[in-house]
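Each of the two complexes below includes chain A, the first together with chain B, the second together with chain C.
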Partner chain A sequence: MDTQNINLLEGREKQVYEKTAGGAEIEIACDKTSLSGSVSQRACVFCGSRVVLYPVADAIHIVHGPIGCAAYTWDIRGAVSSGPELHRLSFSTDLQEMDVIYGGEKKLYKSLVELIDQYQPNAAFIYSTCIIGLIGDDIDAVCKKVAKEKGIPVLPVHSEGFKGTKKDGYKAACHALMKLIGQGSTEGISKYSINILGEFNLAGEAWIIREYYEKMGIEVVATMTGDGRIDDIRRSHGATLNVVQCSGSMTTLAKDMEEKYGIPYIRVSYFGFEDMSKSLYDVAQHFPDRPDIMEKAKEIVRDEIRKYYPEMQKFKAALTGKKAAIYVGGAFKTFSLIKALRTIGMSVVLAGSQTGNKQDYKNLKEMCDEGTVIVDDSNPVELSKFVLEKEADLLIGGVKERPIAFKLGVGFCDHNHERKIPLAGFIGMYYFAKEVYESVMSPVWQFAPRKGGLR
Partner chain B sequence: MTTNAPTMTAKTATQNACKLCNPLGACLAFRGIEQCVPFLHGSQGCATYIRRYLISHYKEPIDIASSNFNEETAVFGGSHNLKLGLKNVSQQYKPRVIGIATTCLSETIGDDVPMILKEYEAIMGGAANLPVMIFASTPSYSGTHIDGFHAAVRSAVKTLAVGGAKKNLVNLFSGMISPADIRYMKEILTDFGMPFMLLPDYSQTLDGGPWAEYHRIPPGGTPTSAIADSGCASASIEFSSTLEASKSAAGYLEAEFGVPRHQLPLPIGIKASDRFFAVLEELTELQMPEKYEDERRRLVDAYADGHKYIFGRKAILYGEEDLVISMAAFLREIGVVPVLCASGGKSGLMKKRMLELIPDLEEQGIEVREGVDFVDIEHEAERLQPDMLIGNSKGFTMSKKHDLPLIRIGFPIHDRFGGQCLHHLGYRGTQELFDRIVNTVIEERQKSSPIGYTYM
Partner chain C sequence: MLLRHTPTEVKEREGLTINPAKTCQPIGAMYAALGIHGCLPHSHGSQGCCSYHRSTLTRHYKEPVMASTSSFTEGASVFGGQANLLASIETIFSVYDPEVIAVHSTCLSETIGDDLQQITKKASDDGKIPDGKYVIYASTPSFVGSHITGYANMVTGMAEQFAVSTGEKTEQINIVAGWMEPSDMREIKSIASLMDAKIVLFPDTSDVLDAPQTGKHEFYPKGGVTIDQLRSTGDSKCSLALGCVSAEPAAIALDKKCKVPFETLDMPIGLSATDRFIMALSKAAGKPVPASITAERGRVVDVMADMEQYFYGKKVALFGDPDQIMPLTEFLLDLGMRPTHIVSGTPGLRFEKRMKEILERAPYANFRNGAQADMFLLHQWIKNEPVDLLIGNTYGKYIARDENIPFVRFGFPILDRVGHSYFPSVGYSGAMRLIEKILGVLMDQQDRVALEEKFELVM
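The block that comes next holds the complex of A and B.
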């Protein structure tokens, strides 16, 4: 591949790799902070924390800092709740010049007290943003004080944007959750029980997953954090097994829980028939003394696939031979997507992520076909280049990638936290295939310049 | 009713903000300069969040570079990162202009950006080898997105404008208006046969056609050469009610090069549009082209046809101060009462300017509130019982909860298609707004009527 003509920035060469027969084996560089001046698609530490904790619906989330960070994350995720909806509000201490000069602790304290009085939440999360890290507000002390006064957990989340990458934000969020876990009573929790981790109930996905497990006769103690409730989280250490999706965000929590409470964890994915089925079997296998659980899992898989199979064949017939490019947040998601795309006859020509680690990229390299480009922390210039060069028919990504695809006349599928259609589970695979089909097969692309539509 | 209505709940935290942060406005303005890349000096997150926010409205790729602060940068200063970032962005984007705006973080650590830029210039062998650097200081803890917008426009002029012999040329600083409005303004000036410089012009960069290849910088925007000429213009027109000369581009040109500044409210409604056209007539010594006479006649006709549906209807109006002020005057013109005019901005001038346009403001029971958020507005909505909400998409939750129709105007429009194509200004824009307001009321009447008339 000619990387010369898009002039990859110095310092980024090792984050782009093309798999070729007999090509040089390089180790893809990752876990680096983004290069200054590159238009990274990544966000910040705060974003990572916010993403993980956001769906906790009976807590208030207060962003301590100037207004922007809160304004831009107001009602941003498609995470739905079956009850309270405090997570959909945006609270900020909205620091002004004087607060920056004299410190924002007083304002934070007052804000907290007022908001807790007004909304009566079961807990409060306080996110400290860049500027707080700089002016050095002691948010821990404020949180402690308010927690004592109000009798609810008030949890500081140290998520100063500049102090690392999104991954560090995940850690900060897990850290805050760890403080809740272990606080509640575990009485009455079944031996056949799990927590669902890293599932955020976007478009109701957690409900779909939960139903499968419950049908298998398994108790779900807490979903973290989709449709999340403080009380469930507090007693989640009573579960027998942690089932972790989205490896990046919550493996830390699973590991901490294993260490502290001896709860083992497994990693799963709910995207695509293959991975979804496996995630049911893997959980069932964890309860060997109850063969009925496995039986039930098999039954679910059978029934569900039978239900969607004919439709899927239709999509597959149309999509076979089409090419997809993937650029999503976590690399683990990419694996599932590659498999899911293969089920509908599509190949993958670009596979990238914002936050993959060494092992992820190693796996990706093994999984991908020859000619596939693998990238870490990419930018619009690179992405568009690969999409065009590889003649992709579809790009899978988030809000910031969508206009790149559409400008260039390429189909698109939202696979980020804003989506409104569930893509997880068996039914999710059907929706996914349908969305891909509707975008790739749309007649509008005939007018795209790259299809000769230029006049 | 007086305006001394019960004060809103005293509260410390901002809840569902009715404003955005300073650098967002600057990035938007920079996108309206030809061959310009916006560059945020601060941490990665701000740039990414602002990008995704703008993308949701404009549905266009929006590349904003960042100097990506890390822990060290925050402690030791951003000089190194800024220089490296500028170098990288120059290499990858080959811009002719880089629009640099600070964020809260770089402001707080006190980076002296102009000095860093000078150092950078020296290292790179002089300004001649480099893109033009336009720098705006945009800390969000003082001001909102609209302040950042104006700061960037002013900096652009300050950096580029040169004086000289007067030319037959008018500058139009149109403020934060939609791409469709920008196109309409250009059409008007062209029809007057008046050479003009409109800044910023993102009518194409943020609302363009499909691409065969990725444009690192989308085509379109105000050329730097035109901005340079702005110092020789015969006059500047600046749309804004609250913008002070000391913070505005036109104010700078007046002080520096003696270019007269005509400050006008956004031309929404017949009276305000008349005022705008009158200034154009005066500057060009030409009569308004027949086409606009026609537009005006059609609008007056529509006002007559639609007046009864909307007389006395109550609206809550929110958004940027300038937009709210002009919209309120327009609503008064058609008989709608904007019972609450609210903004997250805090210029301190809103009420004063509104009184100039609506002298009977108090008697009409119109309340003006600065520095409010959506929880405040919602609270007031319960008391004021309006018939409709007029503002950006962010009022949707409130509109749904209280079953109030929402007429979407301004920025951001995240929950409807085509926000960038909405007209607000001049006779044409007013016509569009008027039609939507009347139709909203008709639709409500139709919905609530048990009979279901097909003639309304």
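The block that comes next holds the complex of A and C.
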């Protein structure tokens, strides 16, 4: 079966929208679980929790369940640490048949004690997977008991895979973090301070962002969760402002902190010149009594753009008129990508996300050009169909999309888990443009049949 | 020094697994199912598992891996997944139009007790399976065994659910492929064709997971064993099962159902195991070993002799899956090396027994499989008794780097290199490639660490 000749999956019509002149209002049916029987690119609750909490590097992360869930998430994200690297080891209770029948609480208890004795971590996160939800282990009780005996926070993360979508996993992760926040002393924290939320330090991105803010004279209390430390998180309620990137994952936490500690939050994106600059300005604006902070922000923006602008023109010259298809996790990321692609002369013909909400899709429609297809929770058949129909030259996606792009003979850029090179910040935009340029212009395409065999 | 956390002292752990040397059943079933032409693997459970399995296979093969999911939600977990599976079957046939759907279970559907046999029968009774199309299934609870078990279960499902016997035996020989790469399956077929033996190989992922670039995304690439071929396995004169853990169960099932006698062999990795395979195939087919194969063997032995001094006495640590570990250990011994530490997360009595036989030649070796036989233990063993070479999947790179040990990637998964799916590890050409790889890393290391005054052009 050629993917070219495939129709939309029945029952999915409502999750696809094509923007046309004077077209209908957008009413994408998102927030839906995928149709039974579809080849979905989506993951589960556990996956959501795991990706958010994983970069906390001085805690142990133990997956309570059968081996698979732990094995597949072992060091699979390049969330780097400037110190301890406990997060990169894979701990599992490796449940066996007997445990499933008689319950796994004892095994979990023993494993936890063994681990804590061995590694002396600052905290432990216990992820419960599908099967735990079914057999009904009381992991809260086990966590409480161990926390008391060992004197460190032992935090249950209720991430049973079937209990929703990845978004619910984000929430579970936020709940676990919320239990830590407020436990530490806030003494000595500056009035001009922020927490960076939803930055996972893939390829060191959190370091880049942190440096900008520190240059502006702002204290960064905690980066949640990239290069994360338990003690920082415990005292993060002492910060004046929460700055949230990756809206999907951390908005819950920001809201909870606002409610409980009165800390306001703003949503930002660190991707692309435009959004990066804005996220510095937006923070500066929160400290009107210190005009020097805004001055400094302007200076950083000026210097950085001056540094990368000439190079960007080179990429733009080559890429102008080329088309991109985007299919990534969060919708917010899609907005930034559209702007960034425009900076280098490219247009967007397909914009999709796995976890966008109604408002996100409305915004997306506003931003997109006519003829752009907007999709929620897509599948490979649809993706390749649109890539071909819309004659995209580039696909931006994650690990499962990469080989599809290459089979179709179009360039690819990973904007998900497997970054080795940072995309955040001004320098990140340069890397992004370079990567897109290299992939789209690769000489390999002259040997390969492209785009359905057309050349 | 990522693994600086690994202490040297080995303590018995009660429950904890650290850095597993295995993964769960469904991914094995998914891989096996991709070896049927026009097959869409279907994961009966929640989306997460399916997504992880596809990602891991995608990373290993660098190919699009298609599989659908029942997308369990809380409701399904309470009321059972029958409705989801029935709906899935309908959706899949109407939208993706496969020849066959191969359903496997996950922890979740196993624990709630979904009966795949009953549900697929219901689908058939309700007319949800179009004429000439099929749904097969395998039960693959991930709290039992490992990904290898899942592979074996799905291959057994193929044999049990497709093979028919018409009562007339043919000249055909079934070769049941244990978990091996597409390149290995291609090599097996090429050997059989050189020998002029009529075989059917199943499963067969060549031309599925190593497809050429065509500018198209083929949902069902051209490779894979066909359903007609699978049906015909019941009339074959005999079966050769390549691997007692991942392949033998299917051969047993065929024997039970259709009276096809079988012989179980080690997977043909290295010299001795390939010798046995070639002889068995020649005997089964009643065809002599052609001169070209004999010459190829001669070249392998020649290189082994030429380089014998570099192998002799070198200590090796290896880890991975049973059917690969067994013949590989034997091959290392044949090369004069010392397999010193061996770990496999996959449990199994057959495996243990066969390893014991092989390790009679290496009474000094540490071997452990099953529970807590993980990379953490392997690392501890290596700390206590260092080795000259490490062989295993990508996860070995942490140990190799920390302990500065030459490392050959072999097994599943290999996430950070290419080649494994294109160059065979089985047969004489596979043996040659292993030799080349082992020598390559050993001699690179020698060149890297040699003292200035001892460093020479020819070493």
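The rule is simple: the second predicted complex is superposed on the first by the 444 of 455 C-alpha atoms of A that agree within 3 Å, B and C clash if a C-alpha of one lies under 4 Å from a C-alpha of the other, contacts with A are read in each partner's own complex, and residues count from 1 in each chain.
As a convention for this text, a contact is a pair of C-beta atoms (placed from the backbone, for glycine too) under 8 Å apart; a residue touches a chain by one contact, two chains touch by 3 or more.
As the structure is a prediction and not an experimental result, all values here were calculated from the model.
Residue contacts after overlaying the shared chain place A:Leu86 against chain C, while chain B stays out of touching range. When the two complexes are overlaid on their common chain A, residue A:Ile266 makes contact with neither chain B nor chain C.
In the superposition on chain A, no contact is made by A:Ile189 with either chain B or chain C. Within the superposed three-chain model, A:Phe406 lies in touch with chain B and with chain C [touch as defined at top].
When the two structures are aligned on the shared chain, A:Met441 is found in touch with neither chain B nor chain C. Legend: residue contacts after superposition of the two complexes on their common chain; A:Ala147 is shown touching neither chain B nor chain C. Across the superposed pair, chain B and chain C both touch chain A at residues 7, 9-10, 33-47, 62, 65-74, 88-97, 99-100, 107, 110-111, 114-115, 118, 130-131, 133-135, 161-164, 380-381, 384, 399-400, 402-404, 406-409, 448-450, 453-454. By the touch criterion given at the top, residues 7, 9-10, 33-47, 62, 65-75, 88-97, 99-100, 107, 110-111, 114-115, 118, 130-131, 133-135, 161-164, 379-381, 384-385, 388, 398-400, 402-404, 406-409, 447-450, 453-454 of chain A touch chain B in their complex. By the touch criterion stated above, chain A contacts chain C in their complex at residues 1-4, 6-7, 9-11, 33-47, 62, 65-74, 85-86, 88-97, 99-100, 106-108, 110-111, 114-115, 118-119, 129-131, 133-135, 161-165, 380-381, 384, 399-400, 402-404, 406-409, 448-454. Put simply, chain C touches chain A in their complex at residues 2-3, 5, 7, 13-20, 22-27, 40, 42, 45-56, 58-59, 61-74, 76-77, 84-85, 87-92, 94-97, 106-108, 111-112, 141-144, 146, 211, 213-220, 345, 371, 395. Residues 11-17, 19-24, 39, 42-53, 55-56, 59-71, 73-74, 81-82, 84-89, 91-93, 103-105, 108-109, 139-142, 144, 210-214, 216, 375, 394, 397 of chain B touch chain A in their complex.
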